[in-house]
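Each of the two complexes below includes subunit A, the first together with subunit B, the second together with subunit C.
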Partner chain A sequence: MMSYDFDWSSIPGALPFLWQGMQVTLQITLMAILVGIVWGTLLAMMRLSKQRWLSWFAAGYINLFRSIPLLLVLLWFFLILPRLLEGVPGITPGTDLRLSSAMVGFALFESAYYAEIIRAGILSIPKGQQAAAFALGMNYRAAMRFVVLPQALRNMLPLLLTQAIILFQDTSLVYVSALADFFGAAYKVGDRDGRLVELLLFAGAVYFILCYSASSLVNYLSKRMKA
Partner chain B sequence: MSYAWHWEVLLQPAASGTDTYLGWMLSGLKLTLMLSLSAWLMALLLGTLLGVLRTVPRWSGVAAVYVELFRNIPLLVQLFIWYFVLPELLPATWGDAYKQLNPYLQQFLAAWVCLGFFTSARVCEQLRSGIEALPPGQKNAGLALGLTLPQTYRLVLLPMAWRLVLPPLTSEFLNIFKNSAVASTIGLLELAAQGRQLVDYTAQPYESFIAVTVFYMLINIVVMTLMHQLEQKVRVPGYGK
Partner chain C sequence: MISIRNVSKHYGHFQVLKDCSTEVTKGEVIVVCGPSGSGKSTLIKCINALEPFQQGEIVVNGISVGDSKTNLPKLRAQVGMVFQHFELFPHMSIMENLMLAQRVVLGRSPDEAQHKASSLLERVGLKAHGLKYPGQLSGGQQQRVAIARALCMDPICMLFDEPTSALDPEMINEVLDVMVELAQEGMTMLCVSHEMGFARKVANRVIFMDQGMIVEDAPSEEFFGKPRSERAQLFLSKILSH
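Our next item is the complex of A and B:
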């Protein structure tokens, strides 16, 4: 039968290193969520704008990012960002920009996905709400800020959170830059000790427990919100 | 930013001698298409089966566990588990047989199985929601006509559910092409990997990445156009109005 001898002994000693990796993962995730929601909201509003060029710009941005693989986007940013920042004081060719590149890449990529969720959220608010806000003397900005967006955000909260869980999983792709996020750290330890099997299964289990708990929580919340 | 553009580099003979760099890229494109399409076939078959089980009370739990398992582990981790872990855990003769295969075939098989299983969990959920969206009378009518439960699914429920879930399936279909880029991490020379390889060989990173990006966008446009036509063709007339 199974010929493999499991040896889990390299994991306990590696936990501090793995935790460091998890912090990198969480940093990238949080940054991408924050930027994604802010920039995504702006993109969604541009997409719905009556100004042709604004809505075309947003549509082009969203379609471009949604039609290429995240892995390719990350490779792009690892390539471009160091070149763009070449002249900036304090940044020498030796500066490690991998974390910044990953953050920028993720944030801009996820914004496209958030924008589509938020656009659907805005469209789900009946037109009469906006009309009523205008009738009360609010301008467009105030109507959006006080009437439309608060309701839209509430409606799309479950979807935004689900997207955050997907994003958390996707951060493992920074592996392509050899950045030690949680998965990268697990891979490095496994590779070093010749215990790739154990470390990969451990990483898979950790991701599963975290994501399953989070998505169960989201389900519970969205059921409660409906009730 | 000063950058010397040399698009002609794509047409120069590649380091292998027999092909141009564009030829490398096209072979990567071919592999991306082969991998994605074969994995899509597997995902459709397996996903349909699971989607049906998900709506049968007795089996629903099993299918739910399957879906949660494949949805809550990152694709990259799944790929590494298929590629590095599974061959070690198989019975020794199987594991050895796998390791003696051509390395390219090993990579392709691991990526194919990984994408197929990963996507089948998503297809399963789409199909389940399609079946559940049908009025319960359809199933009852099928059974009342004397059809068995499998016949009811095959002849009544699935043909309807399929047509209803075509739009969300289109987006899963598009995803599988994008997700296939992950296979480059285990060394499979598909489109994204060829792009990276070209950067190393030609030292013209922008041309190579722009070309790869354009190829992915083309795949996207072609798939969307074809699926849109299919959606028009199979739309259930008058349903849901």
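Our next item is the complex of A and C:
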């Protein structure tokens, strides 16, 4: 019978490198959440707009990104972004744009998902609220900003956080560009020391602990909000 | 102050308003009644353009509501409206509800807005509740807050869309009392309501609507004494008979 001898000794020394990887993961996640919510809110409002071409544009954008694998979108941006930025001063063919293109790719992709969550949130607010805001003399912007969106955001907070947790896990897909995010860093260390199994188990445990705690927090929050 | 001239509105082929015309002068209190689906709520919502209409003209204080060049937010800021379901903003305290539009629409300073809000809250008898949230108040209290919120804008007239029909019976009077007081102070009011006691007490005129038409538009003594139309007689006998 074969047995596998686990050897965890390469992990302690690799922690600083793994932490650097985690920072990359967190940077991409936060940037995608931030841009995703802002751009997603705009997309959701465009999609709900009475201006046909705005609503068509938003619907097209959302359907496009939701129908393409994330991996493909990321690859596009890794390949396209350096070309687009070729003429920009300070950027040479050697400049490492992998982090930036990962951020752009994730942000644009996640916006499509956030837009749908936010649109559902906006639609969950009774029409009378908007009518009341209008009746008080507010224009569309003010009614959205002060009356509809704050309530909608509150309703959709659990969904937005859940989407953020999924996003956090999906960032591991940047391995296609050999960018050392947390997963990539763990893979590199494991590959170097011939301890791939241990490192990947360790990485899995870290993802699990972080995501499970975050989703427990979401559950706690949404229960408290209902109370 | 408000002229409604030959207003018609339809949703597809269904006509909600048919050639409605009436005039409201300053200080007048008008009660609009009629069976459900008769278009009363739709008519008053046309006055502040919450509902669009296809034909005719509505002029409020010299401004044509249906004109595409009209600055609607500016017009609405001068026309107070109270809704059947209160529509207070649930994520804001009572004071914040009263201050929001003063700040955002009228550009009043925080001090000024707060001063106005607390004096109107006192007027509707809810001074102690300013820091509460709408969900913590009863229906009657919420509707009084909604009236105060509309009054904070110093409106030139007030529209009431069935302000008491979502209330428990024991709360109707506290809201009507505020409305009676407002009427007696000379506020121009247009109220969609089935509260005939209120109508008798303060209304100068009663408008009776049925199937999208203004069937009767008469001084209230005349309306309650002997309505001219059969439909209004029938309606009155039904709601006054018990």
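In this text, the second predicted complex is superposed on the first by the 225 of 227 C-alpha atoms of A that agree within 3 Å, B and C clash if a C-alpha of one lies under 4 Å from a C-alpha of the other, contacts with A are read in each partner's own complex, and residues count from 1 in each chain.
Quick note on the criterion: contacts are C-beta pairs under 8 Å (C-beta built on N, C-alpha and C of every residue); 3 or more make two chains touch, one makes a residue touch a chain.
Everything quoted here is computed from the prediction, not taken from an experiment.
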{"item": "Subunit B versus subunit C as contact partner of A:L157, first or second or both or neither", "value": "neither"}
{"item": "Touching partner for A:L54 - first (subunit B), second (subunit C), both, neither", "value": "neither"}
{"item": "First (subunit B), second (subunit C), both or neither touched by A:L79", "value": "first"}
{"item": "First, second, both or neither for A:L97, with subunit B first and subunit C second", "value": "neither"}
{"item": "First (subunit B), second (subunit C), both or neither touched by A:G137", "value": "second"}
{"item": "Which of subunit B and subunit C A:I11 touches, first, second, both or neither", "value": "neither"}
{"item": "More subunit A residues in contact - subunit B or subunit C", "value": "B"}
{"item": "Partner chain(s) touched by A:L26 [first = subunit B, second = subunit C, both, neither]", "value": "neither"}
{"item": "Which superposed partner A:V147 touches (first subunit B, second subunit C, both, neither)", "value": "second"}
{"item": "Subunit A - residues contacting subunit C, complex", "value": "128-129, 131-139, 142, 146-147, 150-151, 154"}
{"item": "Interfacial residue positions of subunit B with respect to subunit A in the complex", "value": "1, 68-69, 71-78, 80-81, 84-85, 88-92, 95, 174, 177-182, 184-185, 192, 195-196, 199, 205-206, 209, 212-213, 216-217, 220-221"}
{"item": "Of subunit A, residues touching subunit B in the complex", "value": "1-4, 64, 67-72, 75-76, 79, 83-84, 86, 169-170, 172-173, 175-176, 183, 187, 196-197, 200-201, 203-204, 207-208, 211-212, 215"}
{"item": "Subunit C residues touching subunit A - in the complex, by the definition given at the top", "value": "48, 50, 72-74, 76-81, 83, 85, 87-91, 100-101, 104-106, 149-150, 153"}
